[in-house]
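Below are structures written as structure tokens.
Next, two complexes with subunit A in common: one pairs it with subunit B, the other with subunit C.
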Partner chain A sequence: MGYALNFNLIWRHFDKLWGGLLLSLELAVISIAIGVVIGLVLAVWYVSAGRVVRAIIAAYVEFIRNVPLILLVYLVFYGVPTVVDLAYSAPTSFVLTLSVYSGAYLVEVFRSGLEAVPRGQLDAGKAIGLTPWQRLTHVRLPTMLRITLPALSNTFLSLFKDTSVASVISVPELTYGAQWINFNTFRIVEVYLVTTAMYLLTGYVLLFALRLVERRFRAAR
Partner chain B sequence: MATSSHDNPALLDIAGVSKAFGSVEVLRSVSLKVDKGEVVTVIGPSGSGKTTLLRCVNFLESYDSGSIRIDGKEVGFREAGTRQRRSERDLAAMRAETGMVFQSFNLFPHLTAAGNIMLGLTKVRGKSKAEARQIAEHWLSRVGLAHKADSLPAELSGGQQQRVGIARAVAMEPKILLLDEITSALDPELVGEVLAVVRSLAEDGMTMVMVTHEMAFARDASSRIVFMADGGVSAVGPPKEILAQETTNERLRSFLARFRASHF
Partner chain C sequence: MLSQILYALPFLAQGFALTLWVSLLVVVFSLVAGVAMGVGLVYGPAPLRWAVRIFSDTIRGIPILVLIFFVYYGLPAVGVHLESFWAAVLALTLFKTAQVIEYLRGAVGSIPKGQSEAAMAIGLTFRQRLTYVIFPQAFRRFLPPWINGVTDAVKGSALVSLLGITDLMQAINQVIGRTYEAMPLYILGALIYFAVNYALSYASRRLERRFAFIRD
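Our next item is the complex of A and B:
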């Protein structure tokens, strides 16, 4: 094997990777933030709703979970604008898609957390005269958060990695930057080595930060 | 069977309450009056409806027919006779007038001992944080836990948790305190500290209805004992009468006999 590693060309175009990483993080943070709102609202609604609403929410979750993300990305970016008169940029389209996608996964996380809050705690909240809204915000959600934090960290990390799918609609995030460098320099091994290291490092930092938050809350059990 | 006479309306008036879970009748036309300052203990075999009855009093459970009034006010329904449930807001306000202590403590795990007591004071009673904290500290020292104000439930023993549970309930200054087998989940050596707190509340004149298996406590601390069997009140009376060996109530006699055999 006469392949000699040469990273010079990678460093010359490193701004594509660095800028890509920042965009990846931005896409992830915005999508997750919207997804958390979708997930929380639907999960709270689900546990207190009747059969019809439950069925609708379950259908949304099942649909998203059984369709590959890349297909959804194509559907929203190419499919929707051809049917309805809408125009949006590729990054906006991807954020939209990943938000709805992450929302479905987060509904599941939050719902199981809400259902895991011991009945006795809710009874105690009722017994001291808290209204349903106060029981939700002061008893059920804080306990749910503690229960779901580990699962939440994993979901967040997984969603961060999912931003790489945005490369298929030319959103210049990290994976797209790597592809660009590869096409223009043919240093395939080097560029993917560096990119992998960047995903790995970012993932570790994120996980470390989330575990710190978990520990803080766990101590408060 | 003794029934006490009532000149003034009773503080708690349970009249003909029935409830079924599916085809199982858990309460069969239960009636019971509790006067202000009384300590009523409810005993009976498991499955006799004791806990369900207690949970109906603050409407943690609904019931199918009958009426429960506290201070003359219907608890769960808009008026006696109608089956129109009160709004959740109304129910919350009604429940704030009763305190409840649970078998499994049910402290809020994310709040400190003081925080558990302060939640109802600030959110329901509208007190300031500082005032609520003061009240919390007062009650914590009453139950002997002044030094644990800033401890989380997980850092407390079962007995300590239950004393916080009692403090949380009484700090709201309820008209009546409901105690649901509050020592059943405790190690035997921790039962005494919790019962001592209940006893001191009784001496202060707190009206209490207490479901318990602690016969010695029922004998010594209660004004009346209610014996429940098969979802109904089988006997009511002063402790001496109910716990007498020579009772003619067959169910009560066999319950006490079994109880004595297993506990002494």
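Our next item is the complex of A and C:
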């Protein structure tokens, strides 16, 4: 014991953490945006598809959800380039991995949301003469969104935290910045205290923003 | 290629055994700690409730990787020396404990208040109310998400490879370092993790359906 806290070195290298946090957010936003597209398309396809397509989508979802993210990150960064002739940077590789990863989680969220849309709403849409496409964009998706928003917020937050795994392939995001300061200054306790605070604060700001969106959608009812 | 992988299989099996051992320890420790702290969160006095709430929200608010590094590098800095294996188990246990607390809170919270009141009315003590009335009902709500959450312990255990512990993940990386057969080995590893975790999530879904008869 008898450890004296000294944050001076942390502030001197704070750009590593701040720049890292911005990169974490960037990785999360891009991956989640791609993941949302994957999730929406596959979920809409799933609920109207035949058995074969359903089985394939389910296989994708189950496989990704049951394998550690760190293994998928290694697989895409170190494994894939050995069998296909592709070259990509570590950040691109991670965005690719997290997109496919978040897609699998978001299919599940959207699928259960779509299945929770009351049958009567779709029938009503049909009765007033909406085309199938109109029924999807004006009835099904907005209702589904309102139902899934709370689950969606949680998934987004959890994916933001998952960006820390990018540090294992040396992407200089927040966790990597923390490790850099850890190894170069040995102010270990301080750097992880600050990093913890940064993840927590960012998480709460994100959660607060998402709750505002949720409230807006609920008011639109 | 195939012969190299076959040659490496016993080594991978050792890593896999370590993955299972870490997961098992984490699951057992976190179950005990999580249930105790969860009961504290639901029934405890205000200061205890606050302490558990802050613990759980902090742990769940940061990446597991940060938690693992914090424990692994931070403890020796303040003079606590743990073997890397036990530092890893401790970090993962903290993470799982926060989950178990929330499962317990959710399960106990889903039991109607009338049950507690009825038990009080017939003169049961606090301990009797928990053991005879609340826990037997809450158990069915607790079990499916808890079993599903065991997959998080197994998946999270892959991160201990970063502390130089030869679990399945680290064993795979070491074999790749010798053979350069990255793709087949990563796929093999993914299939092994998948087999374990899919079995767990399948069991969880089965139980959930089996307990679906319970209504509020």
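Please note the rule applied: the second predicted complex is superposed on the first by the 221 of 221 C-alpha atoms of A that agree within 3 Å, B and C clash if a C-alpha of one lies under 4 Å from a C-alpha of the other, contacts with A are read in each partner's own complex, and residues count from 1 in each chain.
As a convention for this text, a residue touches a chain if its C-beta (ideal position, glycine included) is under 8 Å from a C-beta of that chain, and two chains touch if they have at least 3 such contacts.
A quick note: this is a predicted structure, and the numbers were derived from the prediction, not measured.
Looking at the superposition, the partner that touches the larger set of subunit A residues, subunit B or subunit C, turns out to be C. After overlaying the two complexes on the shared chain, residue contacts for A:V83 are found with subunit C alone; subunit B is out of touch. Of the two partner chains placed around the shared chain by superposition, subunit B is the only one that A:P142 touches, whereas subunit C remains out of contact. By the touch criterion defined above, A:P132 reaches subunit B but does not reach subunit C.
Using the contact criterion defined above for the overlaid structures, shared-chain residue A:G203 touches subunit C, although it does not reach subunit B. Residue contacts after overlaying the shared chain place A:D162 against subunit C, while subunit B stays out of touching range.
In the overlay built on the shared chain, the residue A:T175 is in contact with subunit C alone; subunit B does not reach it. By the document's definition of touching, of the two partners only subunit B reaches A:P118; subunit C does not. Those residues of subunit A that touch subunit B in the complex are listed here as 118, 120-121, 123-132, 134, 138-139, 142-143, 146, 220-221.
Those residues of subunit A whose C-beta lies close enough to touch subunit C in the complex are 1-3, 62-63, 65-72, 74-75, 78-80, 82-83, 161-165, 167-168, 175, 178-179, 182, 186, 188-189, 192, 195-196, 199-200, 203-204. Those residues of subunit C that touch subunit A in the shared complex are 58, 61-66, 69-70, 73-74, 77-79, 151, 154-156, 158-159, 161-162, 169, 172-173, 176, 180, 182-183, 186-187, 189-190, 193-194, 197-198, 201. Against subunit A, in their complex, subunit B makes its touches with residues 58, 60, 88-89, 91-100, 102, 104, 106-110, 119-120, 123-124, 152, 154, 168-169, 172.
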